(Lines give C-alpha, C1' and ligand atoms only; values in the text may rest on other atoms or scores of the structure.)
Protein backbone atom coordinates (compact mmCIF):
# COMPACT_ATOMS: atom_id res chain seq x y z
CA UNK A 1 0.00 0.00 0.00
CA UNK A 2 -1.05 2.69 -0.65
CA UNK A 3 -3.46 1.61 -3.37
CA UNK A 4 -4.87 4.47 -5.41
CA UNK A 5 -7.74 4.05 -7.83
CA UNK A 6 -8.43 6.84 -10.30
CA UNK A 7 -11.74 6.56 -12.09
CA UNK A 8 -12.81 8.99 -14.77
CA UNK A 9 -14.97 9.36 -17.83
CA UNK A 10 -13.20 9.30 -21.18
CA UNK A 11 -9.61 8.37 -21.84
CA UNK A 12 -6.19 9.67 -21.00
CA UNK A 13 -3.15 9.39 -23.19
CA UNK A 14 -0.33 7.18 -22.02
CA UNK A 15 1.66 10.32 -21.38
CA UNK A 16 -1.05 11.77 -19.14
CA UNK A 17 -1.29 8.55 -17.14
CA UNK A 18 2.49 8.41 -16.83
CA UNK A 19 2.69 11.97 -15.51
CA UNK A 20 -0.26 11.57 -13.12
CA UNK A 21 1.20 8.34 -11.70
CA UNK A 22 4.53 10.04 -11.20
CA UNK A 23 3.09 13.05 -9.42
CA UNK A 24 0.70 11.15 -7.15
CA UNK A 25 3.40 8.68 -6.14
CA UNK A 26 5.63 11.62 -5.37
CA UNK A 27 2.88 13.33 -3.36
CA UNK A 28 2.36 10.22 -1.24
CA UNK A 29 6.08 9.93 -0.61
CA UNK A 30 6.59 13.55 0.38
CA UNK A 31 3.47 13.97 2.47
CA UNK A 32 2.55 10.54 3.76
CA UNK A 33 6.09 9.08 3.82
CA UNK A 34 5.14 6.05 1.73
CA UNK A 35 8.12 4.63 -0.15
CA UNK A 36 7.58 5.03 -3.89
CA UNK A 37 7.87 1.33 -4.62
CA UNK A 38 4.87 0.63 -2.35
CA UNK A 39 2.37 2.77 -4.24
CA UNK A 40 0.06 1.02 -6.68
CA UNK A 41 -2.13 3.11 -8.96
CA UNK A 42 -4.93 1.72 -11.11
CA UNK A 43 -6.63 3.87 -13.75
CA UNK A 44 -10.19 3.12 -14.82
CA UNK A 45 -11.13 5.02 -17.95
CA UNK A 46 -14.87 4.62 -18.34
CA UNK A 47 -16.87 5.40 -21.47
CA UNK A 48 -19.03 8.51 -20.97
CA UNK A 49 -22.09 6.32 -21.22
CA UNK A 50 -21.03 4.60 -17.97
CA UNK A 51 -20.91 7.74 -15.79
CA UNK A 52 -23.78 9.79 -14.49
CA UNK A 53 -23.69 13.10 -12.69
CA UNK A 54 -26.84 14.65 -11.32
CA UNK A 55 -28.86 11.72 -12.66
CA UNK A 56 -27.79 12.15 -16.29
CA UNK A 57 -25.32 10.08 -18.26
CA UNK A 58 -22.28 12.12 -19.24
CA UNK A 59 -22.91 11.70 -22.94
CA UNK A 60 -26.44 12.98 -22.65
CA UNK A 61 -24.82 16.37 -22.06
CA UNK A 62 -22.81 16.15 -25.20
CA UNK B 1 -20.40 12.70 -2.96
CA UNK B 2 -22.26 10.42 -2.87
CA UNK B 3 -20.32 8.16 -5.21
CA UNK B 4 -22.25 5.07 -6.31
CA UNK B 5 -20.62 2.18 -8.13
CA UNK B 6 -22.86 -0.35 -9.81
CA UNK B 7 -21.10 -3.51 -10.92
CA UNK B 8 -22.85 -6.27 -12.79
CA UNK B 9 -22.32 -9.09 -15.23
CA UNK B 10 -23.37 -8.45 -18.80
CA UNK B 11 -24.40 -5.18 -20.37
CA UNK B 12 -27.17 -2.67 -19.99
CA UNK B 13 -28.60 -0.57 -22.76
CA UNK B 14 -28.00 3.15 -22.62
CA UNK B 15 -31.68 3.56 -21.81
CA UNK B 16 -31.41 1.19 -18.83
CA UNK B 17 -28.38 3.03 -17.48
CA UNK B 18 -30.13 6.38 -17.98
CA UNK B 19 -33.21 5.25 -16.08
CA UNK B 20 -31.20 3.59 -13.26
CA UNK B 21 -29.05 6.70 -12.82
CA UNK B 22 -32.14 8.88 -12.70
CA UNK B 23 -33.89 6.74 -10.10
CA UNK B 24 -30.90 6.23 -7.81
CA UNK B 25 -30.06 9.92 -7.87
CA UNK B 26 -33.65 10.66 -7.01
CA UNK B 27 -33.62 8.08 -4.19
CA UNK B 28 -30.52 9.67 -2.66
CA UNK B 29 -32.07 13.12 -2.86
CA UNK B 30 -35.39 12.15 -1.32
CA UNK B 31 -34.06 9.87 1.41
CA UNK B 32 -30.53 11.04 2.16
CA UNK B 33 -31.03 14.72 1.22
CA UNK B 34 -28.09 14.75 -1.17
CA UNK B 35 -28.48 17.41 -3.87
CA UNK B 36 -28.82 15.74 -7.27
CA UNK B 37 -25.81 17.48 -8.73
CA UNK B 38 -23.56 15.91 -6.09
CA UNK B 39 -24.29 12.28 -6.97
CA UNK B 40 -21.80 10.48 -9.20
CA UNK B 41 -22.68 7.05 -10.54
CA UNK B 42 -20.23 4.75 -12.30
CA UNK B 43 -21.43 1.61 -14.06
CA UNK B 44 -19.07 -1.35 -14.51
CA UNK B 45 -20.49 -3.86 -16.96
CA UNK B 46 -18.29 -6.94 -16.67
CA UNK B 47 -18.21 -9.84 -19.11
CA UNK B 48 -19.78 -12.95 -17.57
CA UNK B 49 -16.38 -14.59 -17.60
CA UNK B 50 -15.19 -12.02 -15.05
CA UNK B 51 -17.83 -12.76 -12.38
CA UNK B 52 -18.07 -15.80 -10.16
CA UNK B 53 -20.87 -16.75 -7.79
CA UNK B 54 -20.55 -19.75 -5.54
CA UNK B 55 -17.11 -20.48 -6.99
CA UNK B 56 -18.27 -20.76 -10.61
CA UNK B 57 -17.85 -18.25 -13.41
CA UNK B 58 -21.19 -16.89 -14.56
CA UNK B 59 -20.76 -18.24 -18.06
CA UNK B 60 -20.11 -21.73 -16.81
CA UNK B 61 -23.80 -21.76 -15.93
CA UNK B 62 -24.89 -20.82 -19.40
CA UNK C 1 -24.45 -9.60 -8.79
CA UNK C 2 -25.25 -6.79 -9.09
CA UNK C 3 -22.96 -5.37 -6.43
CA UNK C 4 -23.69 -1.75 -5.53
CA UNK C 5 -21.35 0.33 -3.40
CA UNK C 6 -22.68 3.59 -2.00
CA UNK C 7 -20.02 5.85 -0.55
CA UNK C 8 -20.84 9.13 1.13
CA UNK C 9 -19.61 11.60 3.69
CA UNK C 10 -21.36 11.54 7.04
CA UNK C 11 -23.80 8.97 8.34
CA UNK C 12 -27.22 7.71 7.48
CA UNK C 13 -29.76 6.41 9.95
CA UNK C 14 -30.63 2.74 9.80
CA UNK C 15 -34.01 3.75 8.44
CA UNK C 16 -32.40 5.74 5.60
CA UNK C 17 -30.14 2.83 4.66
CA UNK C 18 -33.11 0.43 4.80
CA UNK C 19 -35.18 2.61 2.47
CA UNK C 20 -32.30 3.28 0.04
CA UNK C 21 -31.47 -0.43 -0.16
CA UNK C 22 -35.12 -1.25 -0.81
CA UNK C 23 -35.50 1.32 -3.57
CA UNK C 24 -32.23 0.57 -5.38
CA UNK C 25 -32.89 -3.16 -5.30
CA UNK C 26 -36.33 -2.48 -6.71
CA UNK C 27 -34.88 -0.20 -9.42
CA UNK C 28 -32.45 -2.91 -10.52
CA UNK C 29 -35.21 -5.47 -10.64
CA UNK C 30 -37.64 -3.36 -12.64
CA UNK C 31 -35.14 -1.85 -15.06
CA UNK C 32 -32.27 -4.30 -15.33
CA UNK C 33 -34.28 -7.48 -14.58
CA UNK C 34 -31.97 -8.57 -11.77
CA UNK C 35 -33.76 -10.80 -9.25
CA UNK C 36 -33.92 -9.02 -5.89
CA UNK C 37 -32.08 -11.74 -4.02
CA UNK C 38 -29.03 -11.24 -6.27
CA UNK C 39 -28.43 -7.60 -5.39
CA UNK C 40 -25.79 -6.83 -2.78
CA UNK C 41 -25.48 -3.29 -1.49
CA UNK C 42 -22.62 -2.05 0.69
CA UNK C 43 -22.76 1.37 2.36
CA UNK C 44 -19.55 3.19 3.24
CA UNK C 45 -20.24 6.14 5.53
CA UNK C 46 -17.00 8.13 5.65
CA UNK C 47 -16.17 10.84 8.16
CA UNK C 48 -16.17 14.26 6.50
CA UNK C 49 -12.45 14.46 7.09
CA UNK C 50 -11.97 11.55 4.66
CA UNK C 51 -13.68 13.16 1.65
CA UNK C 52 -12.41 15.98 -0.49
CA UNK C 53 -14.24 17.87 -3.21
CA UNK C 54 -12.45 20.46 -5.30
CA UNK C 55 -9.25 19.84 -3.35
CA UNK C 56 -10.74 20.65 0.07
CA UNK C 57 -11.72 18.26 2.84
CA UNK C 58 -15.47 18.33 3.43
CA UNK C 59 -15.08 19.51 7.00
CA UNK C 60 -12.95 22.45 5.98
CA UNK C 61 -16.19 23.88 4.58
CA UNK C 62 -18.05 23.51 7.82
CA UNK D 1 -0.54 -5.85 -8.30
CA UNK D 2 -2.64 -7.89 -7.88
CA UNK D 3 -4.81 -5.90 -5.51
CA UNK D 4 -7.51 -7.94 -3.81
CA UNK D 5 -10.32 -6.37 -1.82
CA UNK D 6 -12.40 -8.60 0.42
CA UNK D 7 -15.57 -7.01 1.71
CA UNK D 8 -17.87 -8.75 4.12
CA UNK D 9 -20.44 -8.17 6.83
CA UNK D 10 -19.30 -8.70 10.39
CA UNK D 11 -15.77 -9.21 11.62
CA UNK D 12 -13.03 -11.76 11.24
CA UNK D 13 -10.48 -12.63 13.87
CA UNK D 14 -6.90 -11.69 13.19
CA UNK D 15 -6.19 -15.39 12.77
CA UNK D 16 -8.89 -15.73 10.11
CA UNK D 17 -7.56 -12.73 8.19
CA UNK D 18 -4.01 -14.07 8.45
CA UNK D 19 -5.02 -17.46 7.07
CA UNK D 20 -7.19 -16.03 4.29
CA UNK D 21 -4.41 -13.66 3.19
CA UNK D 22 -1.95 -16.52 3.14
CA UNK D 23 -4.16 -18.80 1.08
CA UNK D 24 -5.27 -16.19 -1.46
CA UNK D 25 -1.71 -14.99 -1.98
CA UNK D 26 -0.69 -18.58 -2.51
CA UNK D 27 -3.56 -19.16 -4.95
CA UNK D 28 -2.51 -16.16 -7.03
CA UNK D 29 1.08 -17.33 -7.10
CA UNK D 30 0.30 -20.90 -8.11
CA UNK D 31 -2.40 -20.16 -10.64
CA UNK D 32 -1.72 -16.66 -11.95
CA UNK D 33 2.07 -16.69 -11.45
CA UNK D 34 2.06 -13.49 -9.43
CA UNK D 35 5.06 -13.26 -7.07
CA UNK D 36 3.83 -13.32 -3.47
CA UNK D 37 5.41 -10.01 -2.59
CA UNK D 38 3.30 -8.26 -5.25
CA UNK D 39 -0.08 -9.20 -3.84
CA UNK D 40 -1.89 -6.61 -1.71
CA UNK D 41 -5.01 -7.63 0.15
CA UNK D 42 -7.35 -5.20 1.91
CA UNK D 43 -10.12 -6.46 4.19
CA UNK D 44 -13.23 -4.35 4.74
CA UNK D 45 -15.28 -5.66 7.64
CA UNK D 46 -18.59 -3.82 7.48
CA UNK D 47 -21.19 -3.67 10.25
CA UNK D 48 -24.27 -5.73 9.33
CA UNK D 49 -26.24 -2.52 9.19
CA UNK D 50 -24.14 -1.43 6.19
CA UNK D 51 -24.91 -4.44 3.96
CA UNK D 52 -28.13 -5.27 2.19
CA UNK D 53 -29.04 -8.41 0.32
CA UNK D 54 -32.30 -8.67 -1.55
CA UNK D 55 -33.21 -5.15 -0.44
CA UNK D 56 -32.95 -5.86 3.30
CA UNK D 57 -30.20 -4.84 5.69
CA UNK D 58 -28.35 -7.86 7.05
CA UNK D 59 -29.32 -7.11 10.62
CA UNK D 60 -32.99 -6.95 9.76
CA UNK D 61 -32.73 -10.72 9.33
CA UNK D 62 -31.24 -11.20 12.74
CA UNK E 1 -21.49 -11.21 0.80
CA UNK E 2 -18.55 -11.65 0.82
CA UNK E 3 -17.72 -9.59 -2.24
CA UNK E 4 -14.18 -10.10 -3.51
CA UNK E 5 -12.63 -7.89 -6.16
CA UNK E 6 -9.42 -9.06 -7.81
CA UNK E 7 -7.66 -6.40 -9.84
CA UNK E 8 -4.53 -7.13 -11.82
CA UNK E 9 -2.52 -6.03 -14.80
CA UNK E 10 -2.79 -8.20 -17.90
CA UNK E 11 -5.21 -11.00 -18.56
CA UNK E 12 -5.99 -14.39 -17.15
CA UNK E 13 -7.29 -17.32 -19.11
CA UNK E 14 -10.80 -18.49 -18.39
CA UNK E 15 -9.28 -21.56 -16.79
CA UNK E 16 -7.16 -19.44 -14.43
CA UNK E 17 -10.16 -17.36 -13.40
CA UNK E 18 -12.22 -20.51 -12.89
CA UNK E 19 -9.59 -22.07 -10.64
CA UNK E 20 -8.94 -18.87 -8.66
CA UNK E 21 -12.66 -18.36 -8.07
CA UNK E 22 -13.00 -21.93 -6.90
CA UNK E 23 -10.10 -21.72 -4.46
CA UNK E 24 -10.99 -18.34 -2.97
CA UNK E 25 -14.61 -19.34 -2.50
CA UNK E 26 -13.40 -22.49 -0.79
CA UNK E 27 -10.98 -20.51 1.42
CA UNK E 28 -13.80 -18.21 2.56
CA UNK E 29 -16.02 -21.16 3.34
CA UNK E 30 -13.42 -23.08 5.32
CA UNK E 31 -11.92 -20.18 7.22
CA UNK E 32 -14.63 -17.54 7.45
CA UNK E 33 -17.63 -19.93 7.36
CA UNK E 34 -19.29 -18.10 4.48
CA UNK E 35 -21.59 -20.39 2.48
CA UNK E 36 -20.21 -20.82 -1.03
CA UNK E 37 -23.32 -19.50 -2.72
CA UNK E 38 -22.90 -16.14 -0.95
CA UNK E 39 -19.45 -15.34 -2.35
CA UNK E 40 -19.29 -13.00 -5.33
CA UNK E 41 -15.97 -12.52 -7.10
CA UNK E 42 -15.32 -9.88 -9.74
CA UNK E 43 -12.13 -9.90 -11.80
CA UNK E 44 -10.78 -6.68 -13.27
CA UNK E 45 -8.06 -7.38 -15.82
CA UNK E 46 -6.46 -4.03 -16.57
CA UNK E 47 -4.18 -3.28 -19.50
CA UNK E 48 -0.59 -2.74 -18.32
CA UNK E 49 -0.88 0.87 -19.37
CA UNK E 50 -3.52 1.39 -16.65
CA UNK E 51 -1.37 0.23 -13.70
CA UNK E 52 1.52 2.02 -12.10
CA UNK E 53 3.91 0.76 -9.45
CA UNK E 54 6.50 3.05 -7.94
CA UNK E 55 5.32 5.88 -10.17
CA UNK E 56 5.88 4.04 -13.47
CA UNK E 57 3.30 2.48 -15.76
CA UNK E 58 3.71 -1.29 -15.91
CA UNK E 59 4.40 -1.27 -19.62
CA UNK E 60 7.19 1.24 -19.24
CA UNK E 61 9.12 -1.64 -17.69
CA UNK E 62 8.55 -3.89 -20.64
CA UNK F 1 -15.66 12.72 -11.97
CA UNK F 2 -12.81 12.02 -11.53
CA UNK F 3 -13.31 9.90 -8.43
CA UNK F 4 -10.08 9.04 -6.64
CA UNK F 5 -9.90 6.48 -3.85
CA UNK F 6 -6.78 6.38 -1.72
CA UNK F 7 -6.50 3.31 0.48
CA UNK F 8 -3.67 2.83 2.93
CA UNK F 9 -2.72 1.13 6.16
CA UNK F 10 -2.59 3.32 9.24
CA UNK F 11 -3.81 6.87 9.60
CA UNK F 12 -2.99 10.25 8.19
CA UNK F 13 -3.34 13.51 10.02
CA UNK F 14 -5.97 15.92 8.81
CA UNK F 15 -3.16 18.11 7.54
CA UNK F 16 -1.70 15.26 5.47
CA UNK F 17 -5.09 14.47 3.94
CA UNK F 18 -5.67 18.15 3.22
CA UNK F 19 -2.33 18.51 1.44
CA UNK F 20 -2.68 15.25 -0.51
CA UNK F 21 -6.20 16.19 -1.67
CA UNK F 22 -4.95 19.59 -2.77
CA UNK F 23 -2.02 18.20 -4.74
CA UNK F 24 -3.91 15.38 -6.45
CA UNK F 25 -6.75 17.68 -7.43
CA UNK F 26 -4.19 20.07 -8.85
CA UNK F 27 -2.42 17.24 -10.72
CA UNK F 28 -5.70 16.18 -12.34
CA UNK F 29 -6.47 19.73 -13.36
CA UNK F 30 -3.07 20.44 -14.86
CA UNK F 31 -2.53 17.13 -16.60
CA UNK F 32 -5.98 15.72 -17.32
CA UNK F 33 -7.80 19.08 -17.61
CA UNK F 34 -10.44 18.13 -15.06
CA UNK F 35 -11.95 21.22 -13.37
CA UNK F 36 -11.05 21.18 -9.67
CA UNK F 37 -14.64 21.21 -8.50
CA UNK F 38 -15.28 17.90 -10.29
CA UNK F 39 -12.68 15.87 -8.42
CA UNK F 40 -13.88 13.73 -5.51
CA UNK F 41 -11.31 12.07 -3.29
CA UNK F 42 -12.13 9.46 -0.66
CA UNK F 43 -9.51 8.32 1.84
CA UNK F 44 -9.74 4.87 3.42
CA UNK F 45 -7.38 4.54 6.37
CA UNK F 46 -7.33 0.86 7.25
CA UNK F 47 -5.98 -0.64 10.47
CA UNK F 48 -2.75 -2.54 9.82
CA UNK F 49 -4.56 -5.74 10.70
CA UNK F 50 -6.75 -5.28 7.60
CA UNK F 51 -3.92 -5.13 5.04
CA UNK F 52 -1.73 -7.95 3.84
CA UNK F 53 1.32 -7.77 1.61
CA UNK F 54 3.02 -10.94 0.43
CA UNK F 55 0.52 -13.02 2.37
CA UNK F 56 1.25 -11.46 5.77
CA UNK F 57 -0.84 -8.95 7.70
CA UNK F 58 0.97 -5.63 8.04
CA UNK F 59 1.04 -5.80 11.80
CA UNK F 60 2.66 -9.21 11.77
CA UNK F 61 5.74 -7.36 10.60
CA UNK F 62 5.66 -4.97 13.49
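As written, the chain order gives the labels A, B, C, D, E and F, with residue 1 at the start of each chain.
In this section, a contact is a pair of C-beta atoms (placed from the backbone, for glycine too) under 8 Å apart; a residue touches a chain by one contact, two chains touch by 3 or more.
None of these values were measured; they are calculated from a predicted model.
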item	value
Joint neighbours of chain D and chain B, given as chain labels	A, C, E, F
B-F or A-F, whichever has more C-beta pairs in contact	A-F
Turning angle required so that chain C lies on chain F, C-alpha fit (0 to 180°, nearest 5)	120
Repeat of interface C-E, chosen from A-B, B-F or C-F - more than half of residue-number contact pairs shared	B-F
Averaged-CA centre spacing for the pair chain D and chain C, given as whole angstrom	20
Mean-CA-position distance for chain C and chain B (Å)	11
Chain A and chain D: spacing of chain centres that average the CA atoms, whole Å	24
Junction residues of chain C, two or more chains touched	1, 3, 7, 24, 40, 42, 44, 46, 51, 53
Pairwise touch network: line, ring, star, complete, or other	other
Listing of all chain pairs that touch each other, if any do	A-B, A-D, A-E, A-F, B-C, B-E, B-F, C-D, C-E, C-F, D-E, D-F
Contacting residues of chain B [partner chain E, same complex]	7, 44, 46, 49-57, 60
Residues of chain D defined as touching chain F within the complex	14, 17-18, 21-22, 24-26, 36-45
Chain D contact footprint on chain E (complex, rising order)	1-9, 12, 16, 19-20, 23-24, 27-28, 31-32, 34, 51, 53, 58
Residues on chain C engaged by chain E in the complex (per definition of touch)	1, 3, 40, 42
